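Both complexes below contain chain A, partnered by chain B and then by chain C.
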Partner chain A sequence: MGAAEVISKTENVSGDAGKAPLIDIRNLRITFPSGGAEPKTVLKGINLSVQPGEIVGLVGESGAGKTTLARSILGVPPAPGRIAAGEVHFEGRQILSLSEAELRRLRGRRLSVVVPNPRAELNPLRKVGDQIASMAKIHLNVSRKEARRMALQMLRDVQIPDPERRMDAYPHELSGGMAQRVVIAMALICNPAFVISDDATSGLDVTVQAQILALLAKLAAEHGSAMLFITRDVGITAHFCDRIAVLFSGEIVEIAPREALFLEPAHPYTLMLLAAFSHSPKLRDSWSVPETARRRELAAGCQYADRCPIAQAVCRTHRPPFAEVSPGHFARCHFPVRHA
Partner chain B sequence: MSAVLTIDNLYKRFPIAGSKQVVQAINGVSLTIEPGETLGLVGESGSGKTTVGRCIVGLIEPTAGTIRFRGKDLAQRHQHKSELGGKIQFVFQEPNESLDPRMKIGDTISEPLLPLKYDRETRRRRTADALRLVRLDPDLLDAYPSELSSGQQQRVGIARAMVTEPELVVLDEPTSALDPTARAEIIDLLRRIQRERNTAYLFISHDLSTVRFISHRVAVMYLGMIVEQGSAETVFNRPQHPYSSGLLSSVMLPHPHLKIESTVSLKGEIPSPINLPKGCFLASRCPFVIDRCRHEMPPAETVGERHTVHCFRHSDVAATVPASDTFNVFMKEAERILGRAKPGGLASSLQ
Partner chain C sequence: MRILAYLAKRLVFVIPQLLGIVLVSFLLVKSIPGDPAVLMLGPTATPSAIAALREQLGLDQPLYMQFLIYVRNLLHGDLGTSWQTTRPVLEDLLQRFPATLELVTFSLLLAILVGVTLGVYAARNPRGWVARVSDLYGLSAGALPDFWFALVLIFVFYTVLGWAPAPLGRIDMIVIPPIPVTGILTIDALLAGDPEAFWSACSHLALPVLTLGLLNAGPILKITQSTMETMLESDFSRYEVLCGVPQNLVVRHALRNALPSIVTIISVLYGFLIGGAVLVEIVFSWGGAGQYAVQGVLNSDIYPVLGFVLFSAIFSLIVYIAVDLVYFLLDPRISN
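Our next item is the complex of A and B:
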């Protein structure tokens, strides 16, 4: 089966269809058991691929399924979630069919994740230098001395002041920004090919966040790593990501190169999000419907129909196609927005 | 002109248990708020914004300095109890944490009226008015907080604050836990209430884009000091303190071409508020630093109408930092992009 065939079948969308993606998520469905007989589908068939060296943003409001996606890519959906369908192809392997032991070898080594709460991630009883070094020791099979040398270099790379001294610091001795840098150092020490940043900068102060973002981009470029950058903050993605996917209610509703997404948004949900930042009640009113008229999930048709100001009858009965509005720019909408 | 609130040289020190050290949370804050005015108080976490708000509403006792409400010293809060009753209110950050989960919405909203000795009928009427003011459905009076969305919960928080018809409301990060749409709706609501009732706001936030939009004036806090204070337009478009400029340049607006230009790139992180350095608190991070900054705290200098700045080199900062009106450019761009957008034709094969 040729790659092109797979791509057309699964509506997969990548930045450059000619190149083989580094990671390829196909039709990923995650369900959670609910009180009733039918489990609740939290991710409704996600198709997403990331090219080597590419930074892809994933934005969505709380509850859209961002963290579920981050964890599921690593083969561990948040409990009690279950992988109901789908494949994640990475470096020639289908991650979701790997054994627990194989997954463990992959995570941290070739694939790693940076989470938003660094303190919960670090062992409070171990010096941070040892924690970073042990990642290298376990995954790269280097000597203890070499692992420590690498850890120290990593602390320098993440621009922690006085890195020699910080090697022997315990997590509680570090500020939130420092602890976040340590977690980034742990995630990057094995030079992973793919990094998932799950809201990793949201708890930081803005001046520190700006530094950490610059650092992530620099390290990704130097190491040639690709990144999935998950965030609630649409503004960051406009300055940091090559392509952006917009997640709504467990579904990617729009994906586009950065310029196209912000200058010619096509899905009404994206327009609503951007209108919320405009501080113009007039614009907001034209791209949203009042809260009282929402919150009814539709079995058939478009998930967004009840909140969509331009929805028509067909939107409530038929699932919209993933329409290509310009090269590489897709929107799951029957009536993708046009820009005159 | 009589200010609603005047803070003069406020200090707050928190002792550290088992230590002789203190946390220097507020270090000489002075500000005024006029009736019907919004003062945006911005700064990063640990800058002392919330502590200032808590001193105003009496949740904590200042170490030194005075806070006057309509000229009355709040240190003698209890003596002015009848005149002050309900005139200063507070809205918290996390609506789901600040509402009592076992209390019905109606009771939560009317609770601040209890000490004011209104009869039952007046309380009922005022509660209904407050609910209408925040555009919540009267059916929700008997609901519990868990049945509401976080946007609705924050409306309850605002209704509870407004029910006593306050002259000043301290809003501590009222929108930061909310998604963009709910946030925009709450901001509209606050602006409408201010227009209708001439309420003054102290709007504490780290969200500069929202502060720019809602505030008449802005005070920028760093390590317990207001380093710059002035009209929102002046401080945002032409900052004269290196920290204001650095903070602004870290704002990322959802537009790929709009970045706030700054020659100030702040290095490192905020020093600990324990044992603060002798000179200017920004000296270790500031690209404009000169020797004098490390020894001497720059005094507040008036550089324009109600515009003060604590920096020896403010005129150099003003000269090198390009004046920009990026927030307004962004709003115009949003208008252009979203205003011209039209639904397209049917995209699928259903045609």
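Our next item is the complex of A and C:
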């Protein structure tokens, strides 16, 4: 994959270059076996870092590689994908080189994930109280009774009505919104330093979505957790993300502090995206790359050239640099949009 | 509450189900050629003696009358008399059915132990050698005739090594059997506090149980393996991995979720083996119920056959109801 190999130096895209980042993802490349000799590269060298307590949004259309990134950070890319290259530095260690046992102890305790569609992800045969409590029991080495007490407290924190009774409920007895709260409780019970929320509310209706996102942000702040907030809906990120990265076809094409991204988007794709979202929900729904376009990866040049309205000849031949258009604001484009 | 409602519904259907089974097997047994009166009296019997006996046995009545009489007797707890043993069928079966039940139950326990253990192991290590061996095993175990496997085991462990007792029944001739309580020798021996009888019964169980247990582990292994693979790849297992749940705990939870399928195949095997163990019973002179029924078929002795069918049917119904109760306990989603 020529496109990915062009990335040679690690680009510093941390929000505050002065402080040491909490988590630093460097040149992460994930491939899937494709049947042919060349595996398919789904993440093409991701560089991203997050400061302690920071909330970073990651926006991308369906198939961009968001879930793959979320799971790969935890060392378990979706099967049959594999980590072809890259490092994840977290709390002073390169965690992708840890043993499986050490990595397991980080997952759910220091690094946790809020999954979408939780009614499928929760074990249908175990009471939700037990599932939450077992997080504490496994990771914090507390007694069964203490774990249950903590689980009950978490259910209160995520504002589930009648928490005592819900402890003994099974997942199928919960509404989608309640199941989502349960998964949030599981993600936060061990006070992780870093929470990844992967499209956490996509299945819920809009009002519930807003409530749950507000809750998630509030709890993350209370627990002192930094967060990577993954979503397809760029509008949501405007409410509480400190910085926002735009993922396109396995590549971060733009990253910027919130105001800069919304007021001065530099990448044509971001511009299109903001326009689409401010216009119509219909555009939002149809927002995904056709599979054929996705497969036709350019050996060199810009990934977005096929769809870009201002593409030039150079875009198809030369890979654009990831250039800093203003402090902390980077875009991968030969002709970044200028704002007067 | 739901369980009780369900049970009541189930039990309402038991009687018609049993009646149907009895009717069908009655017609089938009656369609087997052969006249019991002729067989009972032997080759030298006169036609008039035969006719007299036929009348006495009710064989001159039309078929539906014979059936009604049989059912009426059933309702009085009379399953007819076997002309071969000259004893009431109920008495014979109460003695022989426990023998079959003991054999089949221990075989099934062994099959579960082997099948579930290997199945879980193979699912955890899909490319390991156990998985490959289990593929082969799953294929070949179904293809091996059980009586042949029994003969091989007898040859090796009795004839060559001398470890196993002679394949002649359920207990040594010289050992006095315990007083029958359940009819299951191992349990009766324990109840009687008779270690000698207990060990003798166990040693006689060893080879037939090994035969049936190993052969029937095949389907349990296959189901366990495939269900466990599905469960380990399912969203909830993947989520547990993402949450840092240790691998052996992930497997334990997956097994819990796979149990309903495993219980199903076990119950099917249980019902099947009651009759399906007959060749092994014959090889080991087990004196079980299956053997008794086959003797009946061969000699136009219909009441043992019908009695056996009735016992097996009741047994299967009990197993299926028990399995449904297990489903209730295993899966909170089965609530409507």
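List of remarks:
Just so we're on the same page, the second predicted complex is superposed on the first by the 312 of 340 C-alpha atoms of A that agree within 3 Å, B and C clash if a C-alpha of one lies under 4 Å from a C-alpha of the other, contacts with A are read in each partner's own complex, and residues count from 1 in each chain.
The rule is simple: a contact is a pair of C-beta atoms (placed from the backbone, for glycine too) under 8 Å apart; a residue touches a chain by one contact, two chains touch by 3 or more.
All figures in this text were calculated on a predicted structure; none of them were measured in a lab.
Of the two partner chains placed by the overlay, neither chain B nor chain C lies in contact with A:99. In the superposed model, A:109 lies in contact with chain C only, and not with chain B. Chain A is touched at more residues by one of its partners, and among chain B and chain C that partner is B. With both structures placed on the common chain, the touch criterion links A:141 to neither chain B nor chain C.
On chain A, the patch touched by chain B and the patch touched by chain C do not overlap at any residue. Interface residues of chain A facing chain B in the complex, by the touch rule stated above, are 61-62, 161, 175, 177-178, 205-210, 232-240, 258-259, 262-266, 268, 271-281, 283-284, 286-288, 291-292, 310, 314, 318, 320-321, 323, 325, 333-340.
Touching chain A in their complex are the following residues of chain C: 233, 235-236, 238-247, 249, 253, 256-257, 330-333. For chain B in complex with chain A, the touching residues are 44-45, 137, 149, 151-152, 179-181, 183-185, 187-188, 206, 208-209, 213, 246-247, 249-256, 259, 266, 268-270, 330-331, 334-335, 337-350. Residues 71, 74, 76, 79, 104-109, 112-113, 115, 117, 120-126, 134-135, 138-139, 170, 172, 186 of chain A touch chain C in their complex.
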